[in-house]
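First the structure, which I've put down as structure tokens, then a few questions once you've had a look.
Every chain is named by a letter (A, B, C, D and E) in the order it is written, and numbering of its residues begins at 1.
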Amino acid sequence: MISLNGYLIISFCLFLAGMTVMIARKNIIAILLGVELILNAAALNFAAYTRFVNQNLDGHVMSLFIIVIAAAEAAVGLAIVIRFFQIKETIHIDDATELQS
Amino acid sequence: MFLKIMFVLSALLTLGGAFLTASSKNLMHACVYLLACLFGVAGLYATLGADFLAAAQLVVYAGGVVILMLFAIMLTGGVQEFVNKFGLDKTPSMGSGKTYTIAGLSMIVTAFIVMKILAPVFKTPAQTDLPAFTSTVEKLGVLLVTDHVLAFEISSILLLGALVGAAVISRPRRGK
Amino acid sequence: MDYTISSVAPIVLLPFFAFVINAFLARKGGKATIAAVFLSCAAIAGSSVYAFRIFKDFVWGNYATNYHIHKFFTWFDLNGGGQEFTVNMGIYIDNMAAVMLLMVTVVATMIHIFSTYYMKDDMHYGRNGRFFVYMSLFTSAMLGLVLSDNLFSVFIFWELMGFCSYSLIGFYYEKEKTGNANVKAFMTTRVGDVFFLLGIVAIWTAIGSVGFVDIYNAVDSGLFTSTKVLGMPLATFAGLCIFMGTIGKSAQFPLNVWLPDAMNGPTPCSALIHAATMVAAGVYLSLRIYPLLEVGELTTFVAYIGGITAFGAATIALVQTDFKAVLAFSTISQLGYMVLGVGVGSYNAAFMHLITHAIFKACLFLSAGSVIHSLHDHHTHQHVQEMPRMGGLRHKMKYTWIAMWCCTLAIAGIPFFSGFVSKDRILGDALVAATHNPVMAVPAALGFLGALLTAFYMCRMMFLAFHGEPRDKEVYDHTHEEKLSWNRNAPLLFLSIFTLGVWFSGSLTGQGLVKVADYKNGKYEWFQTLIEAPKKGNFENYKREAFGNTDSRVKDSFEMTKYDKQHGLSEAEYHHVHKWHVIGAIASIIIAFSGVFIAAMMYLWKKWDPGFWVKTFNRYYRTLQNKYYMDELYIKGMIQGMLLPFNNLLAKLDMGIYDRFVVDGSAVATKFVMKIANWFDNLFVDTIMVDGTGASVKFFNLVLRTFQSGKIQFYFIMIILVLFGYILAL
Amino acid sequence: MALNYLASISHYVPELILCLTMAGLILIESAYDRGVKGSAKGMMYWGAYLGLLCSFVYLFKALGTEPLQIFTRSIVIDSFGTLAKMIMVLGTAGAIFLGRQSLDIYEEVKSEFVILTIGVLIGGMLLVSANNMLLFYIGIETLSILSYVMASLKKNDERSSEAGLKYSLYGGVTAGLMLFGMSHIFGVLGTIQFTEIIPAMAALTKAQALVLMPAFLLFFVGIGYKIACVPFHMWSPDVYEGSPLPVTNFFSIVPKIAGIVAFVRVTNTFFGGDASIVRETWVVLLMIASALTMTVGNVAAIGQRSVKRMLAYSSISHAGVMMLGVLVIDDLGARAILFYAVTYLFMTLAAFFITSFVQDHYGNDHFERFNGLMKKHPLMSIVMVIVMFSLAGLPPLSGFVAKFNILAAVVSKKYYVLAVIAALNSVVSLYYYMKVVRLMVFKDAESDEPVKGFIFSNQVVITVIALPVLLLGVFWEKLIVIAGGAKIFLQ
Amino acid sequence: MSGHSNLLSWILWMPIIGVLGTLLIPRTKETMIRVWSLLNTVITMALTAVLYMKFDQTLPGMQQALTEKYAWIKQFNIFYHLAVDGISLPMILLTALLFFICILSSWTVKKQVKAYFALLLFLQSTVFGVFMAMDFFLFYVYWEVMLIPMFFLIGIWGGENREYAAVKFFLYTFFGSILMLVGMVALYFVTGQGVDSFNILALSGGKFTNTTVEIFGMVLPFAKIFFVALFIGFAIKVPVFPFHTWLPHAHVQAPTAISVILAGVLLKMGTYGFLRIAFPIFPSASVYFADAIAWLGLINVIYGAFCAMAQNDVKKLVAYSSVSHMGFVMLGLAAMTVQGMNGAVLQMFNHGTSTAMMFLLIGILYERSHHRWIVRPDGTKGFGGLYTQLPKYSIVFIIAMFASMGLPGLSGFISEALIFLGIYSKFTTITVLAVIGLLLGAAYLLWMFKRMFFGEVIEECKSYTDMNAREIFYMTPLCIAVIVFGVYPAPLLNMMKASVGKLVSLLATF
């Protein structure tokens, strides 16, 4: 039960959930939530592989950095969102279509 | 056994949190569900013997990112015409049936892609003799100042840059 | 006497240098132009001296001997890099060329002299000079053609003559219609020329040379029949192609339409180019390639072309009222006789007719020029060319009248005149051919009919112009009395001397009778003896030799009876031939006289009313009753008389239907095709293919823009889809 | 040779200098009040230039030395990377120079612009020399996260912030995908070390190798996004358009070159070994991607009204051309890419410089603004003509030689069809490049007003930038020798 | 291997010296610029004359004594390799002559004189480069560089629709040459990147007859595939149907001197490419595709002529006539016989002179009339009675026109006759059809001449003045060339025959 497959399936589900959020949601902050989900899926994979396949702690290091960088990215992303909100007074993603060919 | 219960609980927490994050109609709720999900992932880390990771997950994500998100949600709730008092118009901006349909279809495709990766992995026989849990903190610490010292150090640049960047962006325009 | 380059080349080079110098001198005007005119005349006179020297050697000096001067030089070669190809140009003079040279130079000299009269007050001097520039160039080209030893150089000179013809027809360039006429002339002959070139190329490729001698040798060795081109023997293909050149240049049916229009040029140029020499060069060419026509079994075709032309042109000439137009059509008709002669195997007669025709037709045209130049319409300030406005001119221009009558009799085929000698032989040979091959009966019959018409229309022309009463009194009155002058009458009279048959045949009357009188001694038949078709086995002595200082003449003496032996005639056959010759001679005498008689009855004695014929064959027009007041009506009647069914049909076919629908029609078709081509070029290639590429790029661009919607989630979906696609592709 | 810890530092001086520069600049920026901004500005710029110069000098010294792995094999220092870094340093210097000039960067964020460019440069250098997935990821994120900020640097401009937004969202997704892929690669191969991948792959069965392909594909999404390769390019026109012009200029040089060079390294690492079935499939995928990239970039560029956007699209197509060098997976390709990068650097810099001047003066950078520039500013126009023709790949300009090298690399592997597609694309590209030339030279100006900012120093700089474009087209042997010497370190 | 003489380099770089000089002269001193340019071209002409003297006509192939070879890019074995043989020498002479004449005819250019002459001289250098380069890379570089000055010359100094024409010209030719680039690079690798991999001379000789290439899994013969690539590149330049549509636009819009260069020299570069590169390198493929080339040539001849006839713009008419005449060159090339090939090279030279004359004459007329309509779109006559009004002009026009339509005694004839002679043995049907081209060629020119020159002088033509001394001066050399080489083509043929023969011998072995 506690096997690689279980973790992989969980991460797979996380990934799918994250992608769903990113595509279905129209709220920009919600989309950022999706990003976090995806990153977590990847990080979980690293940890799972380390545990079950190769015991290479590099995987943990990867996960750690993913967590850290995700935080940084979230910070910058949110800052941009807020700036966007201040300018456009909306956080609806479909309002961000000023730039198109 | 404890491990199994913990795994099941964490898994349920993770998956449930993820599902609810994806489906909740309220952004604030979604954010909280995400928190639950991240807790679950931390639990999963714990079941994998990645104690340091679990801790970091809790600290950085639960303590940092999600709180940041919540602040952001609050900050963007200022305009009444569009949104309710939390700044969240429940239905339109959280996605509609149409968008979920599209997302669902996309997910089928995505699942296909990922399954292409996973299927052979699933087929490989599981390793039976897993090593016993040991604390990874020490090893990780050693790794971080030996093998991955550069990554450890240079990520400061990233963080510094992110800091500056976030500051630049959110700083109101001078002279106004 | 030695024949080196210096004794032959001046024939061509003198007029050519005159051309080069005149090209710079002539336009200066004033004395420079006079000098130019003089230079031209002197040059051609000089070449006639050289030509005469050759002629003397060939014809008089060494009687009954075949002479060939055959020298070459390398024009350019392509030897190098392991490849060999040489283009040799050369001089080839045999008896025919010698005769031709003399004829061309003498006629040209006379015409040059006459031109100094004709062109003198025609225009200001600069223009006069220009005329002589082209004349000199033309003469040198014509002489070059005669001296050529191969088809390629023939073609070169041939085209140069075409250019001169073009320029001289367009001499009065301020007239719109000269522009039409010269384009028409050049283009029509060009149709033949390109095929000529094709024929040259075909022969060159097959036998590696286009020298006449090499061609004859190849004919001997059977190369021309064994090689096949596009499914036919090379001889047929090449012969046909080259004969197309003849058709174009000699204005044979169906390319005869240009010659009447070519009369837009000055009359001396018509005389030289469009009557005496250039158009005859076509016949000269077909004589040169006669073995090809024979081997290629084209003689019947050639005979039909000649017969149809001879008769058709003559019928048209019946109704012409323009002085020069009658002559133009008669030229076509006579050229038809020559071609008919080629077709029926009457080689030497065809050539003889070429010579005789050149002389009397040049004289006729010069006379016409003399007449036209004298007649002025003082209202329009134009020369008068219409016969209805002439009449009774013999009183005013006696010498012209005499000269012209000589020529008319010659062309009409009256015994003792040169035309009879030559034309009668052609007709006789046509009869003989008809007895051998019934198909040939048609050209023969056409020839005889044509002879009748020729006599008729020529005499009609004479009667209308010179006899009777002046029909346009005013013009008549303004015409000055002709005075004997060196540059007006002397050339005419000089040429008219040579319209006598005695120059060409030992007997005064010609071939048929001379055999009766003195058949053992064919000595005086110098034409018949010297000019003979290139035949198998004759050419082993024709060596090509590079230019040096030695005389490379080849002398083939042959016995008196060689002519008959050569033909391989048995006694019975000989008698058969002779019998038909006699019959032909008698018939043609009768025909000629009856033609003259009918003309005289109609126009001179006015015994027969031409209106009668008009009435008989055309019930839409009133009978013309009064002979004395017929000046305008007569012509009108005559024109309406053209509605005689057959003539009408022919005339229409030639000038109306053919010209309009085939020549102009092909122009229309060409225009249509080129419109389509242009449209295709603009629309299809340009718009769809080239700009269309641009359009498709733009369309693609539009598609891309649709993708680039600016919606970030759409981009996400795209990523997924693309990954999906890639995974599927894996 | 692999060095550990402090021993490595002596080989990592260029980056460290830049880190110090960045830190120093932050200090300077924060130390001065806005009242004395003027002198601080100068200091900032000179500091930045100094740092870049030192870095460049050190890089130059490192050129041609033996490749070595430092920091316990997490970084590889080889000539290939070093040359790429030099190019990026130059590009950054150019971008900073332009940023100082441009009115498109507000005065109050100019110092941040400098800081961020150097940050991005550090990220790029990290990416270029990364020898494991971790540093690769950190490098790419450093590049990206700072780029998000740069894209939205034009505050209060909705387009700019939208650009940043899109960039960050797209970057987040692709980073996630890439990590997801990486994790599986890690799972199968058991290592994050690039140098260990070739032996690890050699040990794989075919079935296992096939597992890797989708994972690689996801990995490729991350890089593909960075170099804006079709079909992961969709963010780039929007971001390029929304960003301030100097930022666009910077984006189309430094991150792109870093991405490409890293891509070369990764591809060579993964597939440089034997010609397995994996490799063949991968090459085919790359072929399709690169052909699409070139075509889409070019075709989209045709319809643009704004020169900046046109250049943005054209940079996509150039990335496609450079990818041709990637997919041949050998030294010839690497050499061609380096050469291409050098020329591309100068051409792009010059083009953006001039566009910037025009935009600053005439308000926008639409094509019509270039009308009749030849009469007003011959030097500027001549440079622009040279650059445009060079971008299109006309001899004797360096763009041609670059394209020739790429084609040579492609043809050496006998990918003729691809070569033809690349060739045809350069015809399409000529069309829109020529449009600029046409307007400048053939048309009459809308107004006689000259561009004000085009002072002598700028003229000198533009000339200096344009000279290599011209000279490298003729005297390119030296550079090709250098680029050819810059071998990729694999094991 | 370094050269013994730097003459070729001098010729090649002399115009560049001219460009530099032009740039140094102040913008306002226009006459000085003109004189300097003229002087420069005179020097170049003198140098080419020296080249002609030094040229050994008996040698097939390259002249060793004149060859220059210096390493350029050792890494790729690219050399600065200049040489001449009998095929390129006539072209070089023609180029030198035509540019001299073009400088003279451009005397009246008023717009941006400095840039104009600089570009013109630059163009000259690139054209020389194309004809001298024996390194494929060098050749390609010159081939492409040539487009740049041409683009500006058409685009700035052209007619009202000049931009479109310039762009079209540029894109079209660039498209063609880029395919050539691929072929060139492929050759480089097929030969193993050795010292001679870019050496045109070393590549030639049919080394690739048995090489194959795999595209999408199909094994195809290398030579044929890349012959097609090269063919398209060169065919666009010639231009061969259906790649010809840039030509009328470019010709019509270009200023007079540029039309002259375009028709006189640049089109020849296409056929020169065949002779120098496509045929020697891929002889087997050339023989294989000879049929196709011949048919295309035939279409060129006929189609160009038809199109020419439909034109009401006299310059366009002449432009289309170039299409037609270059079709003859293609026919000659397709023949691959000694006559055909020599004819083709000769035709390249002769067409260069005669068409140059035509364009110059039209330019002269245009300076007076400022339009080129034979018949205006509204149906009125554009010109009429020019013969009466401009007698000298008319005579020169007649010479040019008849040379163009191939009148014996003028230059066009020999080459066309040789081409027919060459092609007949290989393609009889095509020959029979191609003679129609001769007919049409005469027709459209004569018709044009008739409409413009005959008849009464129309009102607007009465103000035209006849050719002035300068115009006569620069028409004279061309007139002389047209006549002299028409009467005695041996000097030209002697130059080329050895080299051409060598090529023919090579092709004959396949």
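A few remarks follow.
Rule of thumb we're sticking to: a residue touches a chain if its C-beta (ideal position, glycine included) is under 8 Å from a C-beta of that chain, and two chains touch if they have at least 3 such contacts.
This one's a predicted model, so the numbers in the text were calculated from it and none came from an experiment.
The set of chains in contact with subunit A as well as subunit D comprises B, C. More C-beta pairs touch across one of C-D and D-E than the other; that pair is D-E. Put simply, the chain closest to the centre of the protein, by Cα centroids, is E.
Distance between chain centres (mean CA atoms), subunit B to subunit C: 104 Å.
As a whole-number value, the distance joining the C-alpha centres of subunit A and subunit C reads 98 Å.
Measuring from the averaged C-alpha position of subunit C to that of subunit E gives a distance of 39 Å.
Between subunit A and subunit B the centroid-to-centroid distance comes to 6 Å (mean Cα coordinates, whole Å).
Counting only residues that touch two or more partner chains, subunit E has none. Annotation for subunit A: residues touching 2 or more other chains are 15, 18-19, 22-23, 32, 43, 48, 53, 58, 61, 65, 69, 72-73, 76, 80-81, 83, 93, 96, 98-101. For subunit C, the set of residues that touch two or more other chains comprises 704-705, 708, 710, 712-713, 716-717, 720, 723, 727, 730. Chain pairs that touch one another: A-B, A-C, A-D, B-C, B-D, C-D, C-E, D-E.
If you check the complex, the residues on subunit C that touch subunit D are 694, 697-698, 700-702, 704-705, 707-708, 710, 712, 715-716, 718-719, 722-723, 726-727, 729-730.
Considering their complex, residues 27, 75-85, 152, 155-160, 163, 166-167, 170, 173-176, 178-180, 182-183, 186-187, 190-191, 194-195, 197-198, 201-202, 204-205, 229-230, 670-671, 673-675, 677-678, 681, 685-686, 689-690 of subunit C touch subunit E. By the touch criterion stated above, subunit B contacts subunit D in their complex at residues 113-114, 116-117, 120-121, 146-151, 154-155, 157-158, 160-162, 164-166, 168-169, 173-175. The touching residues of subunit A, when paired with subunit D in their complex, are 15, 18, 22, 28, 31-32, 35, 38-39, 41-43, 45-46, 48-49, 53-54, 56, 58-59, 61-62, 65-66, 69, 72-73, 76-77, 80-81, 83-84, 87-88, 96, 98-101.
Of all residues in subunit C, those touching subunit B in their complex are 713, 716-717, 720-721, 723-724, 727, 730.
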